[in-house]
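Labels for the chains are A, B, C and D, by order of writing; each one numbers its residues from 1.
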Amino acid sequence: MEQLRVGMVGHAFMGAAHSQAWRTVNHAFDLPLQARMSVVCGRDEDRVAAAAATLGWEAHATDWRKVVARDDIDLVDICTPGDTHAEIALAALAAGKHVLCEKPLANSVAEAREMAEAAAAAQTRGVRTMCGFNYRRVPAVALMRRLVAAGRIGTVRHIRAVYLQDWIVDPEFPLVWRLRRDVAGSGALGDIGAHIVDLTQYVTGARITGVSALTETFVRERPLPTEAAGLSATGNGHAGSGEVTVDDAALFLARLDGGAIATYEATRFATGRKNGLRVELNGSLGSVAFDFERMNELEFYDATAPSDEQGFTRILVTEPDHPYMAAWWPAGHPIGYEHSFTHEARDLIAAIAAGEDPAPSFADALQVQLVLDAVERSAATSAWVPVEAELASV
Amino acid sequence: MEQLRVGMVGHAFMGAAHSQAWRTVNHAFDLPLQARMSVVCGRDEDRVAAAAATLGWEAHATDWRKVVARDDIDLVDICTPGDTHAEIALAALAAGKHVLCEKPLANSVAEAREMAEAAAAAQTRGVRTMCGFNYRRVPAVALMRRLVAAGRIGTVRHIRAVYLQDWIVDPEFPLVWRLRRDVAGSGALGDIGAHIVDLTQYVTGARITGVSALTETFVRERPLPTEAAGLSATGNGHAGSGEVTVDDAALFLARLDGGAIATYEATRFATGRKNGLRVELNGSLGSVAFDFERMNELEFYDATAPSDEQGFTRILVTEPDHPYMAAWWPAGHPIGYEHSFTHEARDLIAAIAAGEDPAPSFADALQVQLVLDAVERSAATSAWVPVEAELASV
Amino acid sequence: MEQLRVGMVGHAFMGAAHSQAWRTVNHAFDLPLQARMSVVCGRDEDRVAAAAATLGWEAHATDWRKVVARDDIDLVDICTPGDTHAEIALAALAAGKHVLCEKPLANSVAEAREMAEAAAAAQTRGVRTMCGFNYRRVPAVALMRRLVAAGRIGTVRHIRAVYLQDWIVDPEFPLVWRLRRDVAGSGALGDIGAHIVDLTQYVTGARITGVSALTETFVRERPLPTEAAGLSATGNGHAGSGEVTVDDAALFLARLDGGAIATYEATRFATGRKNGLRVELNGSLGSVAFDFERMNELEFYDATAPSDEQGFTRILVTEPDHPYMAAWWPAGHPIGYEHSFTHEARDLIAAIAAGEDPAPSFADALQVQLVLDAVERSAATSAWVPVEAELASV
Amino acid sequence: MEQLRVGMVGHAFMGAAHSQAWRTVNHAFDLPLQARMSVVCGRDEDRVAAAAATLGWEAHATDWRKVVARDDIDLVDICTPGDTHAEIALAALAAGKHVLCEKPLANSVAEAREMAEAAAAAQTRGVRTMCGFNYRRVPAVALMRRLVAAGRIGTVRHIRAVYLQDWIVDPEFPLVWRLRRDVAGSGALGDIGAHIVDLTQYVTGARITGVSALTETFVRERPLPTEAAGLSATGNGHAGSGEVTVDDAALFLARLDGGAIATYEATRFATGRKNGLRVELNGSLGSVAFDFERMNELEFYDATAPSDEQGFTRILVTEPDHPYMAAWWPAGHPIGYEHSFTHEARDLIAAIAAGEDPAPSFADALQVQLVLDAVERSAATSAWVPVEAELASV
C-alpha cells in the first residue's frame, strides 16, 4: 500500500497524542494510504531520541528545517508551542509538504493570515492543510453536528459554551511556557477557548460576528519552573518567580451570523472541573448538549416528540451507526480522548488520498484567530468588538 | 359543599404526612367533597392534644373505639403500627366507615385476609377501603404505568426493584418498634419491601407467582430506646439492650404471571442511600426507570426511535399533561414527597364521591401480604415458594 | 397565640404559592405568631371570590387601598405585576403595615429607590419589609451559602449562573402581560434574571460592580391573548397581534467586589429547560453547584480532600441537619418548589416576632434593581456599565 | 530489550482488543520486556491472513498446535470460544508457554479444574498463567478495590451487581455461536455474569459461598446465521431456524464468606442498556458504586465525613494518582474500553518479567467456574446450592 510518510515536530503532550493516532489509524480504519512514522523532531537530542523509542518513530532529528526539507517526508505534523507554528508551517508548505498544525493556528492574526494565504497558494498545487481542532472528531460532537445539520433542533437561538479546567488553581504551580505570552500567545483563551470557538461554529455552521469580553489573571506571579514540562512542571523555590503574562480566564458574549446569541467561558481556575468542555445549543425545535467529561454521551431534546414524553435523551454514542464508531468495538463500549486524534488522522489521510481539502482548513483556523483577537481587544477596551469578517474570507 | 369527616388514628410520621394531605387536597384539587379534619386519636392525652394543634385537627381523642363509633365521622384513617391495623379496620368497617389503612395492610396473612373479606362485605353496603401505597401517586410512577399500559415498552421481561435506606447502619441506633416483630410484623421487608412489591405489580399489571428469598439481620442486638419515637429515637445506655427480631434486609428473585423475571431488594443498611426506591422495567420495545431520590423524573427508552437517536430520555414529570401535575405550579416546578399523600387523598375522595372503589383495595394489599409471606417462608427454607394465588382472589 | 393577620393583593401564580405557604407554615414550624389568612384582594369580584374559596382566605376584596387601610391587617403581601408594587407598598408602609413584596421590587430604579427609602423610614417605627426572592430559602441554596460563608470553597473566583426556561419558544404563544414593558418592566431579565442576581450575591456575600450585557427578542410580534392568564394564556386569531416590548433573553458578564468574575444568562428560549436555575461557584479551595431541576441536591467539591478521592459530592439536602429540613420528613424525603415559600414565610414571621429585620430587605432588592438597570443600559450601548454603588447604600 | 513473543489464537472481537493492547502497551508503559506480535492463528486461511494485516501481526497460521509448539513463541494468548480453551491451554502449558486465556476459563468445571491443575504444575517450572477478566484493570475498578482494601467503606454488607446488555432483544437476531451451549457453555451467565462474579469477589476480597438462582430464555428459537460473526451476524430467512440452548438471562442471590449478601443479574434483554456492568457495595463506613457506561467515574460515599456534607462523590478517575492513569494523558482526559486490555497486558508483562504470578490465576478462574456451575444447578433445582469451596482451593 502507498505510504504517507510523516515527520512530526514536537513530542510533548500533543506529540504523544498524535503518535498514538498515527500508530493506530490504519489498524482501526480501512484506508488507501498507510501512515508511516518516519521521523520525530525535537530540540534536545537525548529527549527526542527517547521520545522516538517510546512513541514508536523510526528516526529522530533535532533540526526541523532539515525534516521539512527531506524528500522522504510527505506530511509535517506540527505539535510545538504556538510561537513556532508559522515558521515551520510556511517552510513545510514551501517544500510542498502537507501540513497538520495544532491549534491555535498561530499566536497572532498576522501570522495566521500569512499561514492561511500560504495554504491557499499551496492548495492549488495539491498540497493539503488542516488545523488540529480534534474535538470535532469526538463521535458525540460529530453526531451533534449531524443532528443540527439535519434540522433536528431547528433554528439555533442559544449557544452556551464553557471549557473549564483547574490545573493552575494552586498558586505554587510554576510559570510554564503556557503562562507566557511570548510563547503561548494567550492563556486559557487560545489554549482551550479556541476549541469551543471552533466547535460551536462547526456544529452550528454559523460564525461569530462580534464579541464583548472580559479576561482575568487571578495569580499574577508564580515560581519559575526548574525545567519546562508542559502541564506538569514543579516549581523550585531557588529559581525565583516571574510574571504571568496571559489570561487565567476569558469570558465573552457573542452574536453569530445566523441570529444566535452566545456565552463563552474558558478558564483554568474552575476548581474540580478537570477538562470540562461543555456545549449546549437551544433551537426552535430542540436542543443538544455535550460534556467532554462524559465524552461518549450526547443529550438531545426533541420538542416535536409527544409532549408527555419529552425530555433530554442521553444518547450513548457508542453504537455502529454513530460517526466513526463502526471501526471500534461492539455496542456499548466507550472510547477515550485519544480516539479523537485517531479520527482526525483518519479524515486527513482520507482527504489526502482523495485529493480533497480536509477541514478545518487554515482559513477556518484564521477565522478562529480573528475571534480570539476580537476577544482580547474587547477585554482591553471594555467595548463591543466586531469580528473582522472581511479578513475571514481568505 | 358536602363534607368527608375524617378521624385519624396515629399521629407520628404517617399521621403528619396524612394531615398535610387532608389540609391541602381541597385547595389543590376541585373535588365534590370537602375533607374535614374532625378528630385525631392517640394513646397519650398530652401528645395527641399537641399533635391536634400542630397538625390542624379540630379535636383529639385517646380511645380509637370511640372514634370509629362516632356518628359524625365518615372515614377512619389508620396510621398506627401494623399490629393494630386489623382490629381498628374491622371495627371501623363494622361501624360503616370508609377506611384508609397504611401499609402493610397487616402483620400476617390471616389478619390481612380477614380485613380483605370484611372490606368485600362492606363494599356491598357502599363502604370504601383503600390501602396507603402512596408511591403509586408519585406523578412519575403514574406516568410509568401509563406508558407501560399504552404498550410503549412492549412485553415486560425484566423488573429490577430496590428500596435502599441507611438509617440503622449505626449499631447504636436503638431498638425502636419497627425492629420488633411483635409490633412491626417484619423489618425492611414489610416496611419498604411492601412498597416495591405493590409498585412493580401496579405498573406492570402482573402479579408475582413465586419467589426465592434470603433475609439477614446484620445487627442482632441493640440498645433499648428511652422512649418509642419512630425513626429518630436515641438509645440510652442505662436502659440495657434487646434482640432485633426482624430482618435488616430482604432479597428475593421472582417470576410474574406475564413471563417477566425480577430481582427485589429492601434494606436499611445501604449506606448513603437515604430513600432509594428504584424500579427499572425492560420490555421488548423499551424500558422505563425511576428513582425516588429524583422523584420528579422518569427515564424512558424508546427502542422504536431512530437508532442513532435512541437513549434514555429524562422526562421532567413536572408538566401540566403529566398525572396530577395540572393542579400544582407552572412548567418545571418540582413537587415533594408529601404530594403523593395529597394525590392519594384526592383519588380516595373522588372515588367515594363517585361511589366507586378506590385502588389499591384491601384485596390488593392482601395479595402483597401473600408475597411477603412467601418471601419469609422462602428465606426460612432456602426453597422456591409459590405465592398462593388462590388466596389472592378475594 | 398572637396572630399575624395577612392581606394579600393578587391571586395568580404567586398568590397561589404564597397561600400554600401561609396555610402550611404554622403546621410545619413552631413559631410565636400564628399566620391568619384574613383577606385576598383582586380586581375582578368573581375571580377573587373564587380564589378566596380555593386558596383558603377568610374574605376577599377588590380595592387594595381599603385592604391596606384595615385595622385588622398586620401584613400586606404583594403578589401583583411589577407596575403596581410601588404604589401598594408605599401605601401599606404609610399605613404601618409590614410588607412582603414579590420580586422584582419594582419596574424602575426610581420606584425601587422610593420603596427602599420608605422601608428605611418605616423600619425606625418597627415596620418590617422583605422582598420575595424565594430561592434563597431552598435548603440546598441555604446550604450553599453556609458552606461558602464557612470558607469551604475559599475565595470565589468564578460565578456561572443561568436561569433557563422554554415557555414561549412557540411563536403562537400570546402576548401576555409578562411580555409587555409597561406592565412587567422587562422580560426574562426582571422575571428570572433578578433571581440569579440576588441568589449569587446572597450566597457569595459579594456585589456586582459592573456589567457588559446583550439582550435579544427572538419573536417580536405575537397574537393578543383573549384574556390575561399569566404563563398559560392561549392566543386567539381574531384578537390580532401586538409587539413584544421586553427581552426574551438577557446575557451579561460581571465583576464582583470580591474579585470574582461571572457570566449570567436569563432566557425563555432554552428549549427543554423548564425551570433551569443553575449556579456554580468555583473558589480557591472548592466549588459548589446547584440546579433547581434537582432542587433537593447540592454538589460540593472539596479540593482539600485526599487527591484520589476528590470529586463533586452530590449531597441530598434532605437530612435533618440541613437548613429548614428538620421541620419536614425523615431522611431522604424530597420537598418541592412550594416549600421555598413556606420557608420564606417562616423567616418573615420569626423576624417580625423577634423585632428584627428580615432579609432580603427592600434595600437589597433596590441593589438588584440597580444591577438590572445597568444590564439594560449596557445592552443598549454595547458598553461596560458600572453599577451605581453609591445608590445601593440605602 | 528482551522480547515477549506472543502467539494469539482467535482474531474476532477479543482478538482485536488484545491486538490493540499488544500494539500499545510498550508505548504507554515503561516495561522490562517488549511485546512482539509474532503470529496470529485462525481456522480460515484467508480470514486470518487479513486479520494479521489489519491487526498488526508479523505472521499468521491456521493450526494452533503448531503455534503452541514453536520455539520462538513465549506466550500463547487464547481468544477463541470457550469450548476450545482447555485443549489449547493444556497444550501450551505442556509446551512451556505462558498462557493468557480469555474468560470464562472453560465451559465446564471439569475442564477448568484440569486447566488450574496444569497451571499449578507449570507454575513450579516458572510458567505463568492469567485469565482475562479485563474489567479488573479499569482504573475506576482498581480504585474501588484500593478504597475497599484500605477500609474506607468498612465491613461490606451489600453487593449489588448487574451486567445489562440488549443486543439480542430482536427475535430476528440469529443463532450465533454464543447462543449454543455446545460452543459457549452458557449464555449471559458465562459471557457477562462471569465478569461480575470475578469483579465483585476481586474488589471485596470475599468469595461466594452459596447461591439461589433463576435463569430464563425469552426467545427459544432463532434464525440460523448465514455465517458465524460474533455479536453482529445477520439472519438469513433461507437458512432455517434453530433452538437457543443457553440462558438469555441469569439472576441469583448469594452469600459471601465475609458476611455480605448479594444480588447478581446478567442479561442480554435489558433494552437500552448497552454494556451496563454496574456494581455497588454498601459497607459499615461507606459505599462505592461503578457503572461501566461511565467507566471513567467512581462514586464513593464516606459516612465518616461531616454529616451535612455527606453524599456520593463522583470521582473522575482520570488523574495521575489513580491506578494506571499516569501512563496516559494529563488531568481530565477519559480513556476507553480497550485500555483495560492494555493494562492487563502491562500487568502480565510485569509479572512475567519479575518472575511472579499474575492475577487472576487459573485457580481464581476455576473458582468463578464453580460459582457459575452452582448457579446453573440452583436454577435447575430451584434450591439453594453451596459453592464447592474445597475444590476452589486448587
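Observations on the model:
Going forward, a residue touches a chain if its C-beta (ideal position, glycine included) is under 8 Å from a C-beta of that chain, and two chains touch if they have at least 3 such contacts.
As the structure is a computational prediction, the values presented were derived from the model and not from experiment.
For the interfaces B-D and A-B, the C-beta contact count is higher for B-D.
Ranked by how far their CA centres sit from the centre of chain A, the chains are topped by B.
Centre-to-centre, using mean CA coordinates, chain B is 41 Å away from chain D.
If each chain is reduced to the centroid of its CA atoms, chain A and chain B end up 55 Å from each other.
Annotation for chain C: residues 166, 273, 310-312, 316, 319 touch two or more other chains.
Every residue of chain C that touches chain A in the complex is listed here, in rising order: 153, 157-158, 160, 162, 164, 166, 169, 212-214, 216, 218, 249, 251-253, 255, 259, 261-263, 265, 267, 269-273, 282-287, 301, 303, 310-312, 382-384.
Residue ranges on chain D touching chain C, taken from their complex, read 143, 147, 300, 302, 307-316, 319, 321-322. Interface residues of chain D facing chain A in the complex, by the touch rule stated above, are 13, 16-17, 19-20, 23-24, 27, 30, 54-56, 165-167, 230-232, 273-276, 292-296, 316, 318-320, 328-339.
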